[in-house]
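Common to both upcoming complexes is subunit A, partnered first by subunit B, then by subunit C.
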Partner chain A sequence: MAHSGINILFEGRNLTRLLGGLWISAKIAFIAIVLGILLGIILGMLRTLKNPLLRVILRLYLEFFRIVPTVVLLFLFYYILPQNFHINLNAEVVATLVFTLWVAAEMSDIVRSGLISVPRHQVDAGKAIGLTTPQLYRYVLLPQSIQLMIPATINLTTRVIKTTSLLLLISVMDVINVGQQIIEANNQHYQNGAFWIYGFIFILYFILCYPLSVWARHIERKEKLRNNG
Partner chain B sequence: MSWTVIQQSLPIFEKAFWLTLKLSCYGIIGASLLGLFASFIRYFQIPVAKQLVNIYIELSRNTPLLIQLFFIYYAFPEIGLKIPAQTSGIIGLVFLGGSYMAEAFSGGLDGVPKVQIESGKAIGLSNLQLARYVIFPQGLALSVPAIAANVIFLIKETSIFTVIAIPGLTNTALDQIGMYYHTDESLFVLVIGYAIILIPLSLILTWLERRARYGTFGH
Partner chain C sequence: MKKGRILTGLLAAASVFALAFTTPQPTKAASNPSSVSAIKKRGTIKVAVFGDLPPYGWVNKDGKRTGYDIALAKQIGKDLNTKVKFVQVNADSRVDALKSNKVDIVLANFTVTPERKQVVAFAKPYMKVSVGVVSPKKKVITKVNQLDGKNLIVTKGTTAESYFTQKQPKVQLQKYDSKTQQFNALKNGRAVALADDNSYLYAWVKNHPNYKVGIKHLGPNQYIAPGIKKGNTSLLNWTNKEINKLNKNGFFKTDYNQNLKPYFGSDVSAKDIIITK
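Right, the complex of A and B next:
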């Protein structure tokens, strides 16, 4: 054999192209996570209010984004927005929009369950000493629930990063799409192209997600120890 | 949206529906067995095997199913292991789901209160009896909510099978769109298809969770 299969990664501009694809995935994930978390915090706080109509609407929103698989969500927005609403967005924007709405839905549930886990008497005590609602959130509810929300939020982040692998399905030039092109272009010279390229992408995703998982677990363990001690 | 188009495409979607359901079932059963096995290895702290299980869990949880499927379906043949698409799909689902199930079972087993184990020892149960009568029954009941979440998650993941051309619900919908431009109708049937599986299932699982919680308190 004239060359080993791993060289496919270093042939021409292949490595830069792969990392460029990864950059697009990362950009979409980053924007969606930031916007989704902000929107999710607001929705989560709204879901703790007593208004029944608001509760039903937000619950339906959450359940819709939970029940429908992300692949299907991507297709729904990708095909239906231009066809039925004449809104032509490019695939990257569609992906960012879908991911943002999805993160917001999941985040709203994380925030809600964090807030309702704070014992009722804490809120009553806060009201008794005359705290206003913003003060109640700032000094009572958030400090006691944020430790619960952080691990779940980090896990959600890793899920978003993993889900960026689906971008290929709506023809975003993400890392996997670039990988496929490289494999096809080098088919003649590298019989093992798929093995090395997909192996490399597998490792790339692992490198991105593993530290986040470890971090989330670390925080969870610390929180558990604090509660038991 | 045209109802005749939907009616005409229903037989194809029905086939796809059963295929999706079948592959999900195999995947979930396989993942549960693998997860149970892995969690036992972790629980009994079996040397070497424990480290292997931990490496497997980290690899499986921190990479997307899509790239796992690509690797199984496209890369394995290059090293001389040719696996048909549907089998690749099931293997991918078991590989992914096994780690999630293992975490669910482990979480349940770790959640059994210390006092239960100590009481078991105090009345003279052997390690095996302790596992059989005290730890597993309670641990499994505690892990039911996490397992239920995993079941839903794994069924949703089958939508990714389309990338290796398994003619499940998603792939069929994309085919219909590609061939006849029946975009609205196909996407509608696709969403309904998953809803038919997932909504009743999530209701059943919620009911089961309530039953299991009842079980943990020893009623």
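Right, the complex of A and C next:
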């Protein structure tokens, strides 16, 4: 017990393994965010259309992914659905799929609220000069609402990154899972190993999320400047 | 109007769920994805293991899986002539991993219980555990009746607690919430002895040489066995034969010496843990 706990990070390949775990978490989060945002923008635009059936379906989709906890979604897609439908995807694919659908659902609401906050007369003016609906979105609605969507989107992004810590429940070898392996493998020699491992994981997540948070603040400030002159 | 819409929504959601959960499960032998022939054809056997339970299933500092269960998994892979793919699970996802065909077999310190037998099939056991009692070497407890009227430390929810509550009412129990607490209580001399699963106690006395597991087995043995999906008779029969063979040729003795012995105190021998017949 003469060892200092911090050495647990540098024994054998521990550090490489933790960073490998972080890479898995970050990769899943990144793919899900990119695909989810693209899908979410399309769904969000569809939600501003006046088709009642489409609205009900998309609303149900949003509420389902917003209300059901992510843990339950992961379990449902990984363990329950294969038992009934014989679709057997590996854990990382399931994780990316669930996160993409979740991001898309949340994003659709961000996009919808952004679009409807563009003043009505802008749309009317667009129509008056003969823009078609796709053109209206492309040249009038999206450019004016995108600034409004960015802070909420970045907030969503950091939430997704943090939520990857649930992935160990479906056997993804993410950074938390690797951390627990290391803690338990060393609990004979490093009684306070948990402190150092979780501390290190905290720093890793901080490095991933903090720049996004700074960026969000920066954009918001710029936005305020632009609006208030 | 609004109410009607909510109702329609609920109905739609309910029907989606109903569809998802009432679809019949066709698990005929022909489509069994975990049969011995299917595994051989695939060339890999998927094994559910623990990644955080030394010395049974854990990962060493070089990132390699190792332990008593892992050695068995590798041997099974060798005898099936397939590669082994490890899927790390938690205690509570072992049953679901089997049911959803994520794995072919569970080798994760899986204790046979009547409740689990209803949902998974167990092959022949390869290890036994039971309640043990540890006490200071100076005043070692070797028989249960030495505990009558004395204080005994247990952790809530363990088999040790239920065994003493039901079978040894004369013993006074001191109940704690965690392993750390119970061992501290013993060190501080709050009771004459402590009861828990013997495998934990063996590992603990290794680091605490002033204590001894005076009673190694109490009550009925509990068995650790490979878990296999219910209805997968092909793999179940193969595994039973395999365990029999390995019991006879001394594989588990070697496995014990390599993986468990370094963790257990010197007063434990292979026959306390492995099954030889």
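What to note about this one:
Throughout what follows, the second predicted complex is superposed on the first by the 227 of 229 C-alpha atoms of A that agree within 3 Å, B and C clash if a C-alpha of one lies under 4 Å from a C-alpha of the other, contacts with A are read in each partner's own complex, and residues count from 1 in each chain.
In this text, a residue touches a chain if its C-beta (ideal position, glycine included) is under 8 Å from a C-beta of that chain, and two chains touch if they have at least 3 such contacts.
Computed from a predicted model, the values in this text were never measured in an experiment.
Using the contact criterion defined above for the overlaid structures, shared-chain residue A:Glu11 touches subunit C, although it does not reach subunit B. In the superposed model, A:Glu184 makes contact with subunit C only, not with subunit B. By the document's definition of touching, of the two partners only subunit C reaches A:Leu60; subunit B does not.
Once the two complexes are overlaid on the shared chain, A:Ala125 sits clear of subunit B and of subunit C alike.
Contact with subunit B, but none with subunit C, is seen for A:Tyr210 once the two complexes are overlaid on the shared chain. Of the two partner chains placed by superposition, subunit B and subunit C are both touched by A:Gln83. Contact with subunit C, but none with subunit B, is seen for A:Ser171 once the two complexes are overlaid on the shared chain.
In the superposition on chain A, A:Leu19 makes contact with neither subunit B nor subunit C. Overlap of the subunit B and subunit C contact sets on subunit A: residues 75, 79-80, 83-84, 168-169, 183.
Contacts from subunit A toward subunit B in the complex involve residues 67-72, 75-76, 79-80, 83-84, 158, 162-166, 168-169, 176, 183, 191-195, 198-199, 201-202, 205-206, 209-210, 213. Residue ranges of subunit A in contact with subunit C, taken from their complex: 11-14, 16-17, 56, 59-60, 64, 75, 78-85, 88, 168-171, 173, 177, 180-188.
In the complex of the two chains, the subunit C residues touching subunit A come out as 5, 8-9, 12-13, 20-21, 23, 25, 33, 51-54, 58-63, 87-90, 93, 96-97, 99-102, 207.
Those residues of subunit B that touch subunit A in the shared complex are 58-59, 61-68, 70-71, 74-75, 78-79, 156-160, 162-163, 170, 173-174, 177, 183-184, 187, 190-191, 194-195, 198-199, 202.
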